[in-house]
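The first chain written gets the first letter, and so on, giving A, B, C and D; residue counts start at 1 in each chain.
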Amino acid sequence: MTSFLQNLVNAMQWGSFYALIALGYSMVYGVLMLFNFAHGDIFMVGAYIGFFVSSGLIALSALGSLVLPSWLILSITILLAMFLTSFVGMLLERVGYRPLRSAPRASAAITGLMIGIILETGNLALLGAQRYKFPALIESTTYNLGGVFITNKKILIVFVSLLLMFALHQFVQRTKWGMAMRAMAYDYIVVPLMGVPINTIALLTFALGSALAAAAGILFGIAYPVLDPYMGILYGWKAFVAAILGGRGSIIGAALAGFLLGFIEIFVAAFISSTLRDLIAYSIILLILTFRPHGFFGEAYSARLRL
Amino acid sequence: MSLLQIEKMTHYFGGLRAVHDYNLEIEPGQIRGLIGPNGAGKTTIFNLITGIYSPTEGRIHLEGKDLIGLQPHQVASLGLGRTFQNLRLWRHMTVLEHVMQARYSKLTYGVVGALLGTPKRYRQEAESERIAYELLDLVGVKHLADQVVINLPYGAQRRVEMARALAIEPKILFLDEPTAGMNLEELSQIMETIRRIHNEFDLTIFLIEHRMKFVMELCDVIQTLVFGEVIAEGTPEAIQNNPEVIDAYLGKEIET
Amino acid sequence: MLLSVNNLRVSYGNIKALHGINFHIDEGEIVCIIGANGAGKSTTLRAISRLIPVEKETAITYMGKDLLDYSADKVVSELGISHVPEGRRLFGNLTVMENLKLATFSRKDKQKISQDVDRVFAIFPRLKERMSQKAGTLSGGEQQMLAVGRAFMSGREVMLLDEPSMGLAPLLMRDVFIALKEINQEGTTILLVEQNARMALQFAQRGYVLETGSIVLEGVSKDLLEDPKVKRAYLGA
Amino acid sequence: MEESITKPSTSRSTWVNRWQLFWGSFSGVPILGWLIGILGAVALEQLFGSAFAQLLGLSKVPVLFGFVIMLGHPRLIPGTLIYLLVIYALPIGIITQVGKSLTNKLAGYLLKFHLGISALVHIGLLFLVLHLWADISDYRDLVLRLTLIAIILTLSLNIVNGYLGEFSCSHPGFMALGAYAASVLTVLLFVEDKVFGSPLLAPNIGPFLFPIVLILAGLIAAIGALLVAIPSFRTRGDYLAIISLAFLFIVKSLIENLEIFGGSRGFMNQPNWANLSTVFVWTMLCIWTINNFVTSTMGKALNAVRDEETAANAMSVNTRRTKIIGFMFAAFWAGIAGGLFAHVMRYVNPGTFGIQKLAEVLAMVYFGGLNSVVGSIVGAVGFNLLSEALRPLELYKWIIIPLLLILVMLYRPSGLISFREFNIANLLKPKSTSDEEVEHVVTSD
């Protein structure tokens, strides 16, 4: 039982990363009907931006020119990295995807794939092959709750993830921007007839998705401090599959599927074998998609989306 | 026995009743018409008969064979050819390829023949091409055979669809609004073409149409459909003088 | 002249959908364009709404401005030209209220917005009952009301209506047209596209007859209703 | 004032004229002529290549048309260019020009027989050219074999992504199935191995049974394709893309978990049977069958399903059968490509068949052009040559190639040569353009 609970805690943390990344895929896919294959690499870029922001702030503290408490450094890192990474996402939309909006969607997917490769290689070219270690922003403390060990890092990671997901949900459900995003997911052709500038909504979607990916990157860096230019490929693609499993453009679906994937992976690794992790995870996904081809919360879209 | 026999066909989309208690008997050689306002369920009836949808209730028989539960391609190879209201052409294919494609069920060379290019394959493809040219000639677009369809004007595209439907060697030809998007001149030409097809193969035709003039001149028997139900069935004269039809089809006077 | 369309040409690929049509609408008028399926009626409205590109010979002026300088969303938010698209195209995943609210996306006049919402609910009381219901669950008639209401919220100068009668029972159809007349009397100019020729001509003051991408007849509705050519082609006589 | 404007333009147009005249004189050269010309050049290289390279100060014969040398050592550029000019450009130019009337006559003569005869002669010449070219260095040989395998892979993926219009991501998975199936069979049957022990059959009959092994590998991949094809009945487009992606990951981690096949460490000791001639023959077979398939009504049914499935179904096309055939046929060739690949590298590991491979194959298909046999050949050859040629740029290669592909997507969203058929008869026929006609064309311009 304790080992079950212990793994549950681990799965919550692991699922948080997938869920946060999956949200970005899902939003872009929902609103623009587009596989943003470069999103995993935005996660990577976000982690690196977070690394530089936090290292910079720590260096300033060390020099004594701007002494900040560590919780403030953490908060500033997350917010600033989210803000900066959102511009990477918007740039991607403007330069890579907007010119291809009326082209076949496969072309946009290939473009995304290629942008992803450029981001990975660009990282290697700029920063070299050495691995960067994410600075320890918080002192690690472990609590023992009846045999289940919970670190303050895990609590922080899960809490921040859930908070961000809740904020996103509120944004999408309550604001007119969110309303426009939902409308675009349903039928983007007639959205301009409501006086909604769709290019702005597209940028917003990319910005939000990228900001969440950056948050995921930093949280990931807190848990697993070694950064890798290919971390986007390793985790991004899995999150992508989770996003689709959640259903087209469904935020709750993407979050749930992200956590589900985390749970499957952790529990398979804990109770069966870590080498069988991917095999079982993807087999389950394949099974679910065979019986629910549109994911948990997705609905079939049709010719209605054409003019 | 009638060629096509439909009894008590009813169909629901979700909770919405699209077709209710629809009956039809078509005799060989007839030209039948189906009219009704937009959204009355005419195209749904076509889709039900040709197997695209499966009716919630009812029976459909072609020459005594039950069509319910068959895939559309099986229905088609049994002899139901059709055209579509909003042209469904294959945008990257040429006119000739369209007509040849519809000979699919008549080709017997199989996958191996296709891969290895056996003599049987070339023989059958050549035969198919010959028939395709004849049909294109019949509907009057032979000169466009090598054109990619999306480059053709609307009227020509409709004719390609017609030739394509004929290539499956139909026993009944279903035409869904064959005159949509045509002007009066093209209208009389397409009417001429339909008559020619009818005479050439002694073909049974079932058509949906909006233009009264067209339906009245061509059809032997006409059904009027309103909200999924047949409100009148009869000869063109009878339909034309039926006050209910006039109201439903042309719109009531509106009092303001 | 409020809106004048000159030499409107539209092509889909190599197919010419509109061969250079001319028409105009005066302020406060109800004008209809009638024609068979595929004649180019919807294309005309889409071109005015800037949903589809027009060819370079085309000129559209609206209140002295060049309409072609505006993008699709600006046509609605800055020029006040709203469009009820063919098949209504509601956002089925949004509630009735959200559909109405979304249509005011670019409007800043908060107070006026809530007045307008009240006005829509006054015209269509049925919508008020279904306020927090998803638009996808409405019946055909209610959907049409919401589509008109949504256009009313987004732009009030001109309303472009694409086959509002499609799929409606005669009684509901009458309700919708009565509401439209009311909206028109409050100062909204209406351009209506219809296949149901008789009804459209009874509703509008003037009409244009579109046939395979060209205007073949135009005139006052009463004359068109009497015109034997129109009768023969569209009224089946 | 006017003169100063017109002068440069006239001088430019004489240059253009001269170029057109020069180039126009080549338009009358049939494929046969080109093949013979290139054969002359590679024969020349065989005979005098290394001596001439040394004379120019190059350490050895430039293996890939000098790209690598020129990018890596700028001061060797003049020598390399002279080498290319003397060994390749001049001989090809002279032989094609001198032999023009003769090769045209010959090409015409060949066409009097069955088209297959003419095709075989051309293919034979092509093989001779490639063989002589690859003979210079092992590196050339390897690049060539991998490029030919890439052609098979690209063509087969084009069946699904181009002709059938699905976005399938499972191709590296099919390739992996084929690679492992073929490797296990050959090692088990014909090779002394630590895991499988002594060979079950006499090793010397192995090369003769190798085609059967490859076909089996292809069939295993094709059976795997059923797992993707059957869901495609119900869902299209995006969800099929995900299903196929999940399939790829499943195959990959399945192999990683099969310790008997080496797990993630990989599998080696494959016999060296995939030499240039074997790979060449399989590539030609692949092009031939795929070209046959896509030009038949059976194959064009794929296009009909892609463009308008409802209409295809209503026109008696069995859409399910069509999809199954499309997927299985594509997977079959991917499996064969995998089998060949394993025997070229003589080592495979599951990591080879991951996302990177997927990106590479997709890039080749979309770069070359959807729905086109020629496009796929151009895509695979272009991509591989580019990738080898830019090797000296190391990391930056993976910025330049993606950027190039993005440009292609922006300006030609369905690839360089898309939706174009491959007409063998037209390709092989003699070119009738005589000298007078060429002049006429130029002066009329």
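Simple rule for what comes next: contacts are C-beta pairs under 8 Å (C-beta built on N, C-alpha and C of every residue); 3 or more make two chains touch, one makes a residue touch a chain.
This one's a predicted model, so the numbers in the text were calculated from it and none came from an experiment.
Judged by contacting C-beta pairs, the busier of the interfaces A-C and B-D is B-D. Annotation: 44 Å between the Cα-based centres of chain B and chain D. Once the centre of each chain is set as its mean CA position, chain C and chain D turn out to be 54 Å apart.
A straight line joining the Cα centres of chain B and chain C is 32 Å long. In chain B, no residue touches at least two other chains. Among all residues of chain A, none touch two or more other chains.
Taken together, the touching pairs link the chains into one ring where each has two partners. Pairs of chains meeting the touch criterion are A-C, A-D, B-C, B-D. Across the interface of their complex, chain B is touched by residues 289, 292-293, 296-301, 303-304, 307-308, 310-320, 325, 329, 371, 419 of chain D. Here chain C touches chain A in the complex through residues 46, 49-52, 71-74, 76-77, 82-83, 85, 87, 89, 91-94, 98, 101-107, 150, 154-155, going by the rule given at the top. Remark: chain B residues 50, 52, 71-73, 76-77, 81-82, 84, 88-93, 97, 100-105, 107, 109-111, 113-117, 121, 125, 128, 164-165, 167-168 touch chain D in the complex. Across the complex, chain B meets chain C through its residues 37-39, 85, 150-154, 177, 179-184, 186, 210-213, 216, 227, 240, 247-256.
Note for the complex: chain A touches chain D at residues 29, 35, 96, 99-100, 103-111, 113-115, 117-118, 120-122, 124-125, 233, 237, 240-241, 244-245, 248, 275-279, 282-283, 285-286, 289-290, 293-295.
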